[in-house]
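Each of the next two complexes has chain A plus one other chain: chain B in the first, chain C in the second.
Up next, the complex of A and B:
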């Protein structure tokens, strides 16, 4: 247990140091790539908090959009500082989630999944149809970048460090939530809801809480994305994007904190690596997916354990 | 005033009347047996009391206050906790973590305190309570085992430990002896008495007549959703109506 924890801490530290040193040695479009990848890590980790209650939603990426639109509108139309609009993006996504939880959590399981999809699409269509203030299907352009002293956040490297700092902080908070009393209660609600209720757990409240927290953090991720891209459109938050999130989480594995992170990183890098074979890229991706699900049903997260077991058996012999 | 008072309770499921105008009351400190043939409405009664069902008519009073139609977690908050018919545990958690979930009411926290670690005192108190109930139920040595690895007797004991962790006034046990061998039954009976001696009022639904007769001074008999009779084990054993109900009554033998 202690040694296991030590390897986790060491591994995380090594990864962080690598991420701090790495960007200076990358080509321009790879710098772009790791910015979006880091943001996507926050998207999948916040999604996992939601799945801890046993409910899988299709609205997560739309909540990212809520954050993105909030931050874009606040900073562009109202002149709010980007440093303030990013946290406010999280707050507004959380508030929208709190409102939506009233209709949504009357459903569970499959019905919840479909309900969340329907509500998400309704929100996305609202962005398309209400040209004022959302800009219709062409969205909002020329969204300001953050400003701090003379640092140019239009450049990828400074922006990457900003994203890295925010995402690391968010992951720390999410990790603490999962390992706190609240994490244990979410687990209880997932696996034996009646038993949890019989000792006083308000299951509805905890499902709502997980949804709100997940939405807050994905809202922040959305804000980070738009202030780098400079534009936001409804198409960025379609169900196609949501499917990628689901694939990352499933292929990575959702029983550990790092599973979805592994999934997002490994699949994104593979996808990037096959950029040269543009025509057959989706096919390669599909084959990889099928292979992953066939040979690693418990996800990429099971790979380190598998190696550890092998190693242990070797040394035991 | 009785601790629990069931007053003219009726529960319909569509056209089926599962409980019809049932009244009885349970005094503080009792171990009450609730028996009856299959389909008599015993489990339905439990689910109504614990808030998993809402009664169609009638009232449920706890200490003179109505708890009718409240949600299960609210009723648990008032000190009424049930255990389940099938052994219901968090199989993938350790014995200690199971007990810790039971401490929810004393350990619940808000998100800010949880992240900043401001709820340390509460969590310590919860861990202490969890350790206490495991000790009480004789599970201390198994605290780090997974719940799924426990033998049946210990699983049942753990289910009671989870319930006790929430410090109930009234414990509703749904068939705690089902599927147990005589030795396990004897141990579970001792534990039930011990729980009762610690000040918890117990109502149990059970088919094992030896256990019910051995534990309870008062027994309530349901049949086809109505109250058949109430009395001491001696009276119940010699009541012709009870015997007839169990032997497939209605038809003259």
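Up next, the complex of A and C:
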């Protein structure tokens, strides 16, 4: 194992240990905050996998909703165990993505972005329109929590550990995918699409694959969310929420695996930190966002490199 | 003789008596130049508001916090409230959930576990649904403005003030009495369940009971940019009454009615921005527009009709500090705060369970527009909503004025079956 890799493994292990210790030292409502934040980390990282092919969509958060509704309906209406309904949520979101890829990937770039928005809204409005089985605009309530021995998953700390375990596993898989031949091909489809196609790479197939994989993981994220909240509504998966995902990814940076994670964590914490300012909080958030884009055009992911560069320069001098 | 909770209420507290005490206390403090009465011995009780203060739903949250702060400041200036053997200052603790379910859960837990509030006031809908499992488990007294949030399992969730949209029946009943020539109505509303469809079902029932045929109902989304075709379509059915079951788009819809030359009666659930409407149409056009929410400087809010301390003074204080931000919730949350004080005094405790017990034990709980009754089991499975009288408001010479008070409770006693039928027709949850 090289020194660089060893540093990464040690760093990740230290972060995980810190996360295991963290919740016991937080205020009650911050325990909930880190549950949703951890779920949002999976949302942004799975979204980034999609963007590796160069396609940015506005349907990602709706695919999260597909997973959320699937798990809610299976566990509440059909009595399926939550432990089974969570992975099935991923399967369901992946299956819907596979179906949608036929019309959607007839478009690329800006047209794909708009097309994904239109299809996403159609799905979301179907949840509003069909009161049975989706519950209409008020959605589905009293969705069960997972059950395991005597562990009370309605309490934040046990649920956080569950979320942490599932999200960590998902991130490991996503990291492996990105660094596998598939991941390299996704990059090739983005940056050198004609060249890749000239050597036999089916760009359509790889774009579809990225969309399906991203949807599977965001579907799991949706299921994790609803089994803690206990309810699911179409409102949770609107374009406003999708804009937040885009902001997290763009401000965090999307060239590295950790960029979107940084974006989600830093911006969510800032948003929470300015809570005392009540009504003017969105304005403060907006100003910070503009400043971040102006002064860090490559995203927060460029900050460690900037520090490293300055440190090395100083050492060399 | 054993004192019943009701008799205790009557002895210890009435809002009018409370008003007298408050003003006397304030007067004493001012004239003697003494510090606030009893402050040295007073404890503090915190009451929570987990409401939207930013985003699209902010008008249904933030004015309520302002209103509660005014009422709490008046109470504290008068020396606080005596509950049991202690005197308490009222402190409001708030959390802005922005009508987001995640934030609602966080906010609720922050208020209960960190701020130690004894009651949490909420707007309703999905933000209430997301906190219900935890709130009921922790037996936390929670209030909503949407009684449709109540289920047989939500023992600790009460709707003690606004019973959206049940009060709408009074406006239709009044209109049918005053304008018997009105025979047909068209309804427009948003297509959401919490506000729009509940309201449409209630209006459908009220029109049926009043003998007015509903000729068309339009459920539109929240993304309508142009109401001209929708209004044209509804007016093509030649309704005598045009009914707006929800208020979100009141102004552009009335503008369309004005431009398309509608001559009939207009009924709306709310019309908080009626001055804007007048500015965009004309005073003559909106003359007689009927809705359900009064301004609080209305002379008809007399002590025998309104159980709210000094409505006009409250209205003036609100508009002095928060001009242009008035909405119905400005007085609704304070009214719930007063309900809580009344129940806490009867219980002799600030803890949620005894306060709820005292609330429910009172068969004639105070309601903003006179005594109410616990109701809701017929529709939602639990009698946890207070319904009583509600004012019918109409615009007269450019000003909203109460025309009459009518009983929502009496209407429901006679017509709950009709309401249930229309709710079920729109796939709304009933027992």
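The definition used in the following text is that the second predicted complex is superposed on the first by the 310 of 317 C-alpha atoms of A that agree within 3 Å, B and C clash if a C-alpha of one lies under 4 Å from a C-alpha of the other, contacts with A are read in each partner's own complex, and residues count from 1 in each chain.
Note that in this section a residue touches a chain if its C-beta (ideal position, glycine included) is under 8 Å from a C-beta of that chain, and two chains touch if they have at least 3 such contacts.
No experiment lies behind these values; they were computed from the predicted model shown.
With both structures placed on the common chain, the touch criterion links A:125 to chain C but leaves chain B unconnected. The wider contact with chain A, measured as residues touched, comes from C rather than the other of chain B and chain C.
Once chain A of one complex is fitted onto chain A of the other, the partner contacts of A:313 are absent, as it touches neither chain B nor chain C. In the superposed model, A:233 lies in contact with chain C only, and not with chain B. Of the two partner chains placed around the shared chain by superposition, neither chain B nor chain C is touched by A:25. Residue contacts after overlaying the shared chain place A:173 against chain B, while chain C stays out of touching range. In the superposed pair of complexes, A:184 makes contact with chain B only, with no contact to chain C.
Once chain A of one complex is fitted onto chain A of the other, the partner contacts of A:196 are limited to chain B, with no touch recorded for chain C. Taken together, the two structures place no residue of chain A in contact with chain B in one case and with chain C in the other. If you check the complex, the residues on chain A that touch chain C are 27-29, 32-33, 36, 125, 128-129, 131-132, 135-139, 141-142, 154, 156, 225, 228-231, 233, 235-236, 275, 278-279, 281-282.
By the touch rule above, chain B contacts chain A in their complex via residues 50, 52, 71-73, 76-77, 81-84, 88-93, 97, 100-102, 104-105, 107-109, 111, 114-115, 117, 119, 122-123, 126, 162-163, 165-166. Listing the residues of chain C that touch chain A in their complex gives 53-55, 58, 62, 94-96, 99-102, 105-107, 109-110, 113-114, 125-126, 129-130, 132-134, 137, 153, 191-194, 197, 221, 427. Taken in their complex, chain A has these residues touching chain B: 173, 176-177, 180-182, 184-185, 187-188, 191-192, 194-203, 209, 213.
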